[in-house]
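Letters A, B and C mark the chains as written, and numbering starts fresh at 1 in each.
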Amino acid sequence: MTEEHKRTVVIPGETIKEGDAYLPGEGTEKQGNKIVALRYGLAEEHNRLVKVIPLSGVYQPRRGNIVIGKCNLITFNGWVIDIGTAENAFLPIMETPRYVAKDRLDEVMKIGDICVVQIFSVNGRGIDLTMKARGLGRIDEGIVFRINSNKVPRVIGKEGSMIKIIRDYTNCNITVGQNGYIWIKGDKIEDELFAKKAIMFITEKSFMEGLTEKVEEWFKENGGVKKETKKTEEKSGDKEED
Amino acid sequence: MGGEEIDITTKVTAERIKKYLEQGKRFDGRKTDEFRNIIVEPNVSNKAEGSVKVKVGKTEVIVGVKMETATPYPDSPNKGNLMVTAEFLPLSSSRIELGPPKFDSIETGRIIDRIIRESKFIELEKLCIKEGEKVWTVFIDIYTINDDGNILDAAGIGAVAALKLAKIPKYDEEKEKVDYKEYIGKLPLREMNPFTITVHKIGKHLIVDPTREEEDVSEARISIGSSEGIIHSLQKGNSGCFSAEEIKKCFEIVEKSWKELFKKVNAQLK
Amino acid sequence: MTSSFKRPDGRKVDELREFEAKVGIVPNADGSAMYRSGETIAIAAVYGPKKMHPQHSQNPEKGTLRCTYNMNSFSVSERIRPGPSRRSTEISKITEWALEPVLMLDKFQNMVVDVHINIIQADAGTRCAGINAAAMALAHAGIPMKDMVSSVSVGKLDKTIVVDLSKEEEDYEEGEGPTDIPISMTHSGDITHFQLDGKIDSKQLMEAVELAKKSCEQIYEVQKKALKDSIDLTGGED
């Protein structure tokens, strides 16, 4: 890692850089000739742009995010889905992959059911969802749990590298919702719990560098055997990070 | 509803928990009758006559004992009084809302009150200052710090431990005031360990010390307050049922878990 | 200042009690912290931003900060009856006012950020300890903030200005008696909370503010260190 990329933990109000050469990025503000942090997180400077990567904080819904939610209400034309945000999210009947009759909404999803959906818009009225893509739909089996949504990029890894390692060692299908909810489905419950344990390990060590190697080591120490890579669909979200 | 609702253990996860129990296994690798790691930290609040922090896995409670003088009840003119309250702080979980105490916290206070009272753990007859006029009141106050399931048993451990650490402050008879800076001795207790242990029923399976996830799936529970094999209090909770056969099994589980708690808790109070 | 005055615990007039801070003490919370000054211990947990209930309390313009200050019944010598009191209600509001100026909640319309403060052990200065813990917990929860807030109680014992009163000092009865002045300020020096009970002239009061400023600087350093130390970056640079 180059000097330029070096990250430091900053707290609100802390001066990250001084001098006119720097530009304020996300989570920062320019005060005079200083770049000041506006939240707790990891300060990073790249090409003179200074930003703060959050370590904590609630999930901020964004267009295109794949999320996991729970059906809270069925209306005459769709489902209200709780995706862990303050605003309710709505899945209109038109956004399901197949035609659904208006009196048969509960055949697709009942109250309390869990689903993988994608955000197609975030606006003043709320969040609109779709189920019309591969990998989206109701969850019928497996385990679902939550991690801090800020750690999602680490669990996915660069171009999905981390999630691939977990898949290879556990043989599970894993869907990581950008809202921090994770769905794991494997042949055996042991495999699912093994994958969950690996993910919890990643969330605990998420700020360390060389995390990918550490996770491989962890699997070996915990008796994991790398399975032959089978082609699995990349269902996880769109944000990736090394 | 708000963002918290989704945190209630989902149907699919609930099914998995049940299915795994069919094999006698739990998500965190424990046996069905095994407690999580228990940490007892004495004297966490120095203004209390006795205080303790109890951690059971990620669940954490703080229990304090305070002593005050009061007039005795007419039917027990020469005995001290006991008062137990539990406060489920919104600080300890997103599921706990602000406002007056809800049923869970009231029930926890009452269950702990009953085991301490009925087991006669505190020698209340030794807490009389002047018969018919002045006796000690022992307050046990329970606060939740982090709720990851089984607050009740953690509170019960905390109550027993805090009482074992408690001292009686000096009562100045002339000024008719308690001097909290001076202590005259230990709170008189009988040689016993009246823990409350709760057995939960999930499907056909009986488990102790549920995590939050397991507690969400629990259909019925039975909280048994006992010491050295003698049962002093009992409460069956939630809408599910137990067969007589299952109740018998619960007693066996409680007896075994009690021995485990006895060892673990007392070792940390030394 | 009179030189004959001696503090009961032997501290210098501008010396804080031994103090420490830690974050991440309530695993369930979105952010949490502990602040201890001498024998006063406060913990704080943050939940949110989340949807405000009841709906009529929602602010469509920006998010709401809601603080609740609560003392454990056994945190003081004379047991306090559990539940809110007039005193705790006032301190809760004072705490909100102390922290609101640094929070950037405009993006969180109709939402609430809950800060729950619990006093485990009390030996004076509980509201200040609560505010210190709360500021750290808010930062820890990732709430956008312009600055940190630090809080300290300055006092006048007879004629002498001292910092971070203990309970024994709060009960000082000689000469002009005790004056208690809890003050909170941002790191950049803006006063966000200011209260006073006792008897003091304006000149000495300004001295008290200066002392608070100096002391808050020390508290800020400890808050900052606690937040920074909670992240383990090792395995990389080290």
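Operating definition for what follows: contacts are C-beta pairs under 8 Å (C-beta built on N, C-alpha and C of every residue); 3 or more make two chains touch, one makes a residue touch a chain.
None of these values were measured; they are calculated from a predicted model.
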- Count the touching C-beta pairs: is A-B or A-C ahead? A-C
- Greatest separation from subunit C - chain, by CA centre: A
- Message: Can you work out the whole-Å distance between the CA centroids of subunit B and subunit C?
- Response: 31
- Once you find the CA centre of subunit A and the CA centre of subunit B, what distance in Å lies between them? 38
- State, to the nearest whole Å, the distance from the C-alpha centre of subunit A to the C-alpha centre of subunit C. 35
- Note on the structure: Contacts with two or more other chains occur in subunit C at residues 50-51
- Task: Would you mind listing the residues of subunit A that make contact with two or more other chains?
- Result: 58, 86
- Item | Touching two or more other chains - residues of subunit B | 1-3
- Message: Taking the touch rule as given, give the residues of subunit B at its contact with subunit C in the complex, in rising order.
- Response: 1-4, 44-49, 51, 58, 62, 64-66, 68, 85, 87, 89-94, 97-98, 100-101, 139, 141, 143, 145-148, 180
- Message: List the residues on subunit A that touch subunit C in their complex, please.
- Response: 1, 6-7, 9, 11-14, 27, 29, 38-42, 54-58, 86-87, 150, 205, 207-210, 214
- Complex contacts: residues of subunit C adjacent to subunit B: 26-29, 39, 41, 43-45, 47, 50-51, 53, 68, 70, 72-79, 82-83, 114, 116-118, 120-122
- In the complex, subunit C residues that touch subunit A: 30-31, 48-51, 102, 104, 108, 110-111, 139-148, 186-188, 223-224, 227-228, 231-237
- Message: Please output the residues of subunit B touching subunit A within their complex, sorted ascending.
- Response: 1-3, 5-7, 10-13, 15-16, 19-20, 23, 25, 27
